[in-house]
Amino acid sequence: MSDHSHDTPHEGAGTLAEFRQFRERMNKEILDEGNLVVNRFFALDGRAYEEGALDVKTKELLGLVASLVLRCDDCITYHVVRSREEGVSRAEFFETLSVGLVVGGSITIPHLRRAVARWSELETT
Amino acid sequence: MSDHSHDTPHEGAGTLAEFRQFRERMNKEILDEGNLVVNRFFALDGRAYEEGALDVKTKELLGLVASLVLRCDDCITYHVVRSREEGVSRAEFFETLSVGLVVGGSITIPHLRRAVARWSELETT
Amino acid sequence: MSDHSHDTPHEGAGTLAEFRQFRERMNKEILDEGNLVVNRFFALDGRAYEEGALDVKTKELLGLVASLVLRCDDCITYHVVRSREEGVSRAEFFETLSVGLVVGGSITIPHLRRAVARWSELETT
Amino acid sequence: MSDHSHDTPHEGAGTLAEFRQFRERMNKEILDEGNLVVNRFFALDGRAYEEGALDVKTKELLGLVASLVLRCDDCITYHVVRSREEGVSRAEFFETLSVGLVVGGSITIPHLRRAVARWSELETT
Amino acid sequence: MSDHSHDTPHEGAGTLAEFRQFRERMNKEILDEGNLVVNRFFALDGRAYEEGALDVKTKELLGLVASLVLRCDDCITYHVVRSREEGVSRAEFFETLSVGLVVGGSITIPHLRRAVARWSELETT
Amino acid sequence: MSDHSHDTPHEGAGTLAEFRQFRERMNKEILDEGNLVVNRFFALDGRAYEEGALDVKTKELLGLVASLVLRCDDCITYHVVRSREEGVSRAEFFETLSVGLVVGGSITIPHLRRAVARWSELETT
């Protein structure tokens, strides 16, 4: 397909729209199961990024760097989207990635590439 | 493709049939190489889940939770299939995932989504 | 001290009594801080191992194998103690470790040694 | 020694003074070896936390959460010390830990305990 | 597509050509950003594999086994390509994988399958 | 004890003699249990480093770098001892560490310090 690279920022991943659709569909299916521990964890996951002594933007950067060093592409995508919503600049984004890169080493580079591709994808939409 | 979501439970993964086909083809190629250490490891991997002091079902749940906290999608897929063959219920499956989620944290959530998607895919086939 | 090896099952770790004392002291200090997310997580951590579709003993084995493959000595110690309280036999304990060893590889061996040392320490007390 | 618990905040770790002494001695021995890649990495490690688009305090919190989810006690100790030097409050410290706890799961708890013990050790010195 | 399996050695991954294209495009975008720490890290990553006390071939095998136990498919692909360029034989390749398999356990097997698929893909081109 | 630093190269670790003693005692206790999977794994762990297409020295370096990036101090200690027995030079040792440092990032540094301390401890005995 000639414009394949416009739809998918990298091999093996879907578009952001596909990511969101799958994420929402599965979150619903998981929460509908009614497992108490799972459902409380999902609620807690949301609370962890709410404003407190630290502002939301800083917490998103914490989530981003943690996701990068643990090499979780879906987590990175989520925090890239949220970071942009919180007004993180491209320079702040790259500095956050640079800390993760030094802490986590060259094995984070493939994830760093995909993180930057997601960021650029969002800049053009 | 309009019914794409019916074939693939999530972005970036093939169908269960494709997973099995690739797995079998590569296992054959690997074992045919005749590397003693590799071949013995593959044999041992099978032995670890055989009945002993613990029954096979419990061992599959151990394999499933270990695969979830180590975030290995292919390993999860394998143990989801085997768990169902051993009569694990959907509630037992979710409780096993819930232990892995608390132990391993929110970075396991993308893998938990795919595990549930695989389980549901198998329920409908 | 001449009988040092009787008190501590391995280099770099304290006795079980020291582990418990530090754990309790710090848990109190952490919970007293009143951070909502941390406190809810600690509560959830307890809930994850309560009886449900799976019995408590099976959940402790799930916690044990997850702790082994993630190589968390303190977590292993905790689940070794709890497994014994739930009536896990030495053979069941070793089979659980054997699954973790095959899944997680030889890097789990130092933790496997310490897990067995803890188990034997508890057998003699 | 009767007041052992005053010197060492947890089992298996030395005092902060011992940590610093070993760290400095080994850093010197490592850098004196003259391996180009190693020495450049050590220099880069320092640069990563310098002020840029993000201030030093935020970068220390990024280093702290990355160290927690990767479960590196020595790295945590270093960033706890630096965070305090940069004026991080106890509430900000706990919120940073809370993000790491949710992202990384209960296996981070032993490291969270030691992080808090280090923080409290520093408050009293 | 009828001959899809000939183009992609496994589910969820692109062809080697797609990998290279994405890698080059993103490396350029990342380096063009001009973040000092990131750019120096990328330069250092190249230096680490240059000839020194150890020859380049041995260093590529070190990079390969490290990538396998850390389960980084893109890193593995890179070192598979480089290993072949340095004259690594198929038997040496499998022995390197066998060490990683024993050290890292059965969770490395999906990555081992993809590593062998990449090697075989290169043998036929 | 006044010469404590001569006995133990770093905080929280015993001497090399204590490491060996604990390792041998626990290996015996583990193998005596007679768990088939565990015992075969231990045998396989030995086979992985035997001469084949690659010589023993190269395999020890593979084991060393894998242990460093996975941050397993006991595994590192074992491969440091074996590397010296196989005639690895200090420069080759540092180059192997340098690859692991770049691949695994700054979180490997505490383990790199302890690896170098072990090496130097062995040079003086």
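Remarks
Letters A, B, C, D, E and F mark the chains as written, and numbering starts fresh at 1 in each.
Note that in this section contacts are C-beta pairs under 8 Å (C-beta built on N, C-alpha and C of every residue); 3 or more make two chains touch, one makes a residue touch a chain.
What you see is a predicted model, and the numbers here were worked out from it, not measured in a lab.
Shared contact partners of chain B and chain F, listed by label: A, C, D, E. Judged by contacting C-beta pairs, the busier of the interfaces E-F and C-D is E-F. At the interface between chain A and chain B, under half of the residue numbers involved are used by both copies, so each side presents largely different positions.
Among the other chains, A has the CA centre that is most remote from the centre of chain F.
Chain B and chain E have CA centres that are 25 Å apart.
The centroid of the Cα atoms in chain A and the matching centroid in chain C are 32 Å apart. Shown for chain C are the residues that touch two or more other chains, namely 12, 37, 41, 44-45, 48, 66-67, 69-70, 75, 91, 94-95, 98-99, 101-104, 106-107.
For chain C in complex with chain E, the touching residues are 69, 101-108.
Across the complex, chain F is touched by residues 36-37, 40-41, 44, 47-48 of chain B.
Looking at the complex, you find that chain C touches chain D at residues 12-14, 18-19, 21-23, 26-27, 29-30, 33, 35, 37-38, 41-42, 45, 66-67, 70, 72-75. Within the complex formed with chain C, the residues of chain B that make contact are 44-45, 48-49, 52-54, 58-59, 61-63, 65-67, 69-70, 75, 89, 91-92, 94-96, 98-100, 102-104. Residues 5, 9-12, 71, 90-91, 94-95, 97-99, 101-102, 106-107, 109-110, 112-114, 116-117, 120 of chain E are the ones touching chain B in the complex.
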